[in-house]
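To keep things simple, chains are lettered A, B, C and D as they appear, and every chain counts its residues starting from 1.
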Amino acid sequence: MRDLFAVIMLFGIFSFIAALLFLDMDAVDVAFTEAAVGAGVTTVLMLSALRLTQRYENVSHRHAGMALVVVTLTGAALIYGTLDFPSLGDPNAPVHEHVAPEYLQQTPEKIGVPNVVTAVLASFRGYDTLGETVVIFSAGIVVMLLLGLGRAEDFEQQEDILILWVVVKPMVALILVFALYVQFHGDFGAGGGFQAGVIFASGFILYSLVYGENHTRKVLPARWLPRLAALGVLLYAGTGMFSFFKGQVFLDYNALADSPVSGQHLGILLVEAGVGLTVFSTVLLIFYAFSGRRAVVHE
Amino acid sequence: MIVAAILALLVTMALVLTRAFIGPTVYDRILAVNAFGTKSVLLITVGGHAMGWYSYVDIALMYALINFVGTLAVMRFFETHDPRHDEL
Amino acid sequence: MNEILGHFNYLIVVLLMMMGLYVVIASPNLIKKLIGLSLFQASVFILFITFGKVSGGGPPILSQQLTAYSNPLPHVLILTAIVVGVATTAVGLALIVRVYEAYGTTDEDEIDAMDNADDKPVV
Amino acid sequence: MLIGLLSDLCLLFGGLLCLTGGVGLLRLPSFFVRLHAASVTETLATVFLIAGVMLDTGWALDTAKLLLLIVIMFVANPSITHALCRTAAHGKYRPESNHEPQASHQQENQSSNNSTS
């Protein structure tokens, strides 16, 4: 397809299907994330990048034969490799023998949180998640350095947009409330900081799309966002450092409260809040950076 | 009956996907993507109920909200009048 | 027959990966390359989630009714990887926007041609 | 028993509406007609399908959430259709424009079908 716009639309559909697949394979949290990210934020980002570049692809003069050979060889090698894999859903597969049973056993007694994914994410593998949060934070900073924060165009008033105004206003409130629900319900059901941050940012993006970005920038100025993102990382690392100063290991939440289990609860809450804050402000920062930039017209 | 509803939804999704592929205008594609999103929400609701998926309603709710945001974003792309994007 | 059905997911994953890799190699358009990369990434996500599935098990959220759970570890890894993936895609898109502003095209071959023209000694 | 029957009827009718919408989206000749076919059936099908699931669920927290879902979809779908229609009308697309030469050909074939239905 020459038209990159159509490619992006079809990629959005692919994301819907991928989320359905995750849901069918019991990965509720992953389906949540894929649905929050794939259909909304990815499409918005790709379209904003398309607005700043060219929409139509040039006719390629390349010879695709070599690429086809390389891809076919790689694919054949990989398919040969998968022959030794355990079948889908095999309970005795090597993956299920090592750490996963320990996580499943220890979560009720040590963490006391029903959602094992949240327990592993925030407590057992807290270092990992801290690293990922820092990666997201630095990605936001890099986009800001590359594109600048930009400034909003004056939004021209259109009188026949009234229906959207009326519909979108409660919808934004609903999205924000839903994001908070996902954030704080993450200990008990599907959800958590990563999903909540993206959904919260989607609410702000929806508001700027319909009411104009200058209004959103009045509510939350762009210069605050890097600081908010940094604050999120700081909250995460600070929670770790707190137990460090209390004589425990870094990111060991047992020291946060009197009993280990309530300490874990508090620690997971704080850490997830840090993750949510960082993800929200980074996604919104990236959106501001792309939509605040003027398109350069080349001859 | 629930199986019939799921089958109808799957067939509809295939039809909508065909429309998304053949176009011919961009508006057809946007319409198809939006319809596909709605059908996914319905499939999650009906299929999730039939198969007893965990917390399927939450995911369906979020799908509905995010689909709304995504489709509106695509439309804003066409409202910013840029001469380079005027072709269909 | 069961053997084939059990490996069907891996086949799909490899096919998706091949498509992504092909787009990355063969398409000269930078945005399309990035979409190919995202496709490749999605195939890896599906592979990990396939590993985590246990037949007869439920999602890894503890409850009274379930006795077996799917493996939570791949879910954790992929959950974070999806969000990190969109952040890194944004960085790639930002780079492409800057490249377009400098060269006036997102076609790799044209950019190469311009670079090579610059390298030639001026007579 | 009655509720089960009602739920089945809702699901059946919703699925039928969905199919109608899908066929309309694929077969109808021009964009605005397709928009019409897709959106009208979609909005009603949503209500019927989710109502069918609701009746089958019984009284639970999920029922309230499903009701919320119905409200959201019932509001979001028509407004999306409105916005899409507006964008298409403001843009370059006109129903009578010959951007789709094969579509106008189809129109002649289908006009007889449309008048009878």
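Rule of thumb we're sticking to: a contact is a pair of C-beta atoms (placed from the backbone, for glycine too) under 8 Å apart; a residue touches a chain by one contact, two chains touch by 3 or more.
No experiment lies behind these values; they were computed from the predicted model shown.
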Dominant interface by contact count, named by its two chains: A-C
Chain centre separation (chain B, chain D; CA means) in Å: 11
Intercentroid distance (Cα basis), chain C paired with chain A, Å: 15
Centre distance in Å when chain B and chain C are each reduced to the mean of their C-alpha atoms: 22
Distance between the centres, which are taken as Cα means, of chain D and chain C, whole angstrom: 33
Where chain D touches two or more other chains, by residue: 72, 76, 83
Chain C: positions in contact with at least two other chains: 58-59, 61
Of all residues in chain B, the ones touching two or more other chains: 30, 32, 54, 58, 61, 65, 67-68, 72
Chain-chain contacts as defined at top: A-B, A-C, A-D, B-C, B-D
In the complex with chain B, residue positions of chain D that touch it: 7-9, 11-12, 14-16, 18-19, 21-23, 25-26, 31, 34-35, 38, 42, 45-46, 49-50, 52-53, 56-57, 62, 65-66, 68-69, 72-73, 76-77, 80, 83-84, 87-88, 90-93, 99-100, 103
Touching residues (chain side chain C, partner chain B) in the complex: 58-59, 61
Residue ranges of chain C in contact with chain A within the complex: 2-3, 5-11, 14-15, 17-18, 21-22, 25-29, 31-32, 35, 38-39, 42, 45-46, 49-63, 68-76, 78-91, 93-98, 100-101, 104-107, 109-110
Chain B-touching residues of chain A, taken from the complex the two chains share: 3, 5-6, 9-10, 12-13, 16, 19-20, 23-24, 26, 28, 31-32, 35-36, 39-40, 43-44, 47, 50-51, 54-55, 164, 168, 171, 174-175, 178, 182, 189-191, 199, 202, 205-206, 209-210, 295, 297
Touching residues on chain B, where the partner in the complex is chain A: 17, 20-21, 23, 26, 29-30, 32-33, 36-37, 40, 43-44, 48, 53-56, 58-59, 61-63, 65-70, 72-74, 76-77, 80, 82, 84-85
